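In the part that follows, the structures are each spelled out as structure tokens.
Two complexes follow with chain A in common, the first pairing it with chain B and the second with chain C.
For the complex of A and B:
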């Protein structure tokens, strides 16, 4: 019979045995060695049925297909733009995927996207050796104008969004800011007043720091209403 | 540095506002802890907001410089450890590390904060050498002010070690303190656009046009300066900055006991 060695939301280190036997299945952040399931990360365990996964406490972004991310234009080549995501991998946005307009041969590509521009973009394809292809065709994909961008740990992005976007819509409604969260942990915030932007930023920082604690939604609600 | 954030900082500054909600001339919370290290003759840990800097003073017996046979000396070293920031790398000291240590050294040396003559043990043969080592533990902007405050705080607590047969007995201290003739304080002022900003965060530091570090003694005399950044400063700017630095260093000095 399989035996679970850890509880839900336990802090584990790489190599720690999470479960014994074949009754449990390794998910992300874990691996099987013989009869055991071991953690490969420093993080918190999550158990759903037979699946065991480890969510890392921090780390760099590892790209996944269909992720919406916020990238920076790092270079302009003859046939597209090199986009950087704040992680170890960069990718390519080709002319075909950049715009629905016809871009003439030899046109100055910087008039579309220039160095340092921030783009909300989507990963369409990713090879085994992590060569990424982006697209700008899709709802909400665009160049960002104004506002500011903050960086949070990519593994905390689901907590900032909340269940069915509950957390983020609470922040948006309360502060009146427009917020876009990229899966790579970059968060774009733009509001009418700096104080509102600051409030949204603080709220997101609290979520990042206390994402593993209980009653997070109430805490954020409290913060947004009373400012504590 | 993300271009979008640079533009955002500039936009807010035109309305006299800052990204973290502070006023233009407002410092973050400053905390000074003394005697952090057991083995150092003097040590202090200073935090300005999230920026944390550790400074220690070690003393050793050395030979004096031939042109100043009756004077001891100070040696300031700073190392930007990779632990402090993701931008710092291991290896030989970077330009920033050298600048940090040189500017701290200049601030202490030029106003003769430490009386070098009192560091003399035997003229022409043996003098005390003060090694002030600065280690940033976390860089969240304004390392310069934090480093200088830490260095001064460490110097203030420093005591002479025990001396036997002209050799230092390590780990044993006397009660004799190093007397400071003056207590200089450094204040770094940033020019972003046409605004002057104090105690910058990391992002503001990256968005700077020009930077001026001013060291001021308790008599409100300017004893050292260092200019940085790509753009220039006008005479008016410098006048304004020095007035502001004198005002702010009085405030910073209150953090020292």
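For the complex of A and C:
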């Protein structure tokens, strides 16, 4: 019979033993060595049934297929745009995937997306050597105009969104801002007034810092209503 | 000369006082400081990030690049800034000491840069550097199989093995075999072993044995430093 060495949401470091025996299965952030399951990251443990995983507390964004991300145009080539995501890998947005309009051969591509433009885009494909293909065809995928972009730790994105988007819709309703969260940890905030934008930014910063606190939703609710 | 006590009054297998701190450099992706006695090393990790020139890229896994350097005021005689023959060698052995624990398969064509800087040197700088670098890599969120602990042993009075040599002992007359080593605390695997001086086979085996024991203590310091850095988040969860 296998034995669990850690509790749910325990802080673990690389090389720490999480479980003994073959009854448990290693998931992301863990590996098996002989009879043991060990952590390979600094993070918090999550146990679901027989699966054990470690959610990292730091680290860069590792691109995944079908992720919606906020990217920056880094370069324009003859047949598309090079998009950067804040991690080690850049990807390609081709003409075909960029727009449903007909783009003439030799057209000036910067009139569609210029250098430094922020795009809400989706990863359609990713190869083993981390060559990424993007698309702009899909609901909500567009170029961002106005507002501001902040960077948070990518592993904390799910907490900012909340269960079925509860956290983010609360921030949106309370501040009246429009907010888009990319899986790469970039958050776009656009409001009518600068104070509203600031309030939404502060709320997201609180979530990032205290992402593993119990009753975080109540805390944010309190902050948004009373400002503390 | 009868040798019953070390120059600074330590026992033969006693380490100097150690201190570790994680997350000291805000602009880096991961960073750490490791102090042992008067030796202070800081390490900054940047990456995984793009690697240029392109021919250095590996399409199968990520590349680790280490850079070790002494600050010019870290030693008694001013050290001329810039890379030297010595710092190049230490950069290389540090890289080889850290590589076995890193899992870079998920970062093809990318590089992880480790910058180790010695702020104050009192012997054992490469070991302090490796200890700091291993903490900084963990802080940067790079998957690792284990931490790496490093310590230097020496031989004085012709047959007595001492652990964690300081500068005063290193400069003693009469052939001290300075043996820096890096050990993976869980498996006891040795990833770095150098030796400068003369020693018999038995003495080397004894050195490794004592080094392994010392690394257990170093591991505890490293573990506590990492948990302290992220502990605030954990306390909040309780």
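The rule is short, and it goes like this: the second predicted complex is superposed on the first by the 228 of 228 C-alpha atoms of A that agree within 3 Å, B and C clash if a C-alpha of one lies under 4 Å from a C-alpha of the other, contacts with A are read in each partner's own complex, and residues count from 1 in each chain.
Just so we're on the same page, contacts are C-beta pairs under 8 Å (C-beta built on N, C-alpha and C of every residue); 3 or more make two chains touch, one makes a residue touch a chain.
Values in this document were obtained by computation on a predicted structure and should not be read as measured data.
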Contacts for A:214 in the overlay, against chain B (first) and chain C (second): which applies, first, second, both or neither? second
For A:194, is the partner it touches chain B (first), chain C (second), both, or none of the two (neither)? first
In this superposition, the partner of chain A with more touched residues, chain B or chain C, is C
Using the superposition on chain A described above, determine whether A:128 touches chain B (first), chain C (second), both, or neither. second
Partner chain in contact with A:117 - chain B first, chain C second, else both or neither: first
Applying the document's definition of touch, where does A:72 land relative to chain B and chain C: first, second, both, or neither? first
For A:48, is the partner it touches chain B (first), chain C (second), both, or none of the two (neither)? neither
With the two complexes superposed on chain A, say which partner A:146 touches: chain B (first), chain C (second), both, or neither. first
Touching partner for A:88 - first (chain B), second (chain C), both, neither: second
Can you list the residues of chain A that touch chain B in one structure and chain C in the other? none
So in the complex, the part of chain A that touches chain C is made up of which residues? 9-11, 13-15, 29, 31, 33, 38, 40-42, 44, 56-60, 62, 87-90, 128-130, 210-214
Touching residues of chain A toward chain B in the complex: what are they? 72, 115-118, 144, 146-149, 188, 194-195, 198
Using the touch definition from the top, list the residues of chain C that touch chain A in their complex. 29-30, 47-50, 59, 101, 103, 106-110, 138-147, 184-186, 223, 226-227, 230-231, 233-234, 236-237
For chain B, which residues are in contact with chain A within the complex? 2-5, 7-8, 11-12, 15, 17, 19-21
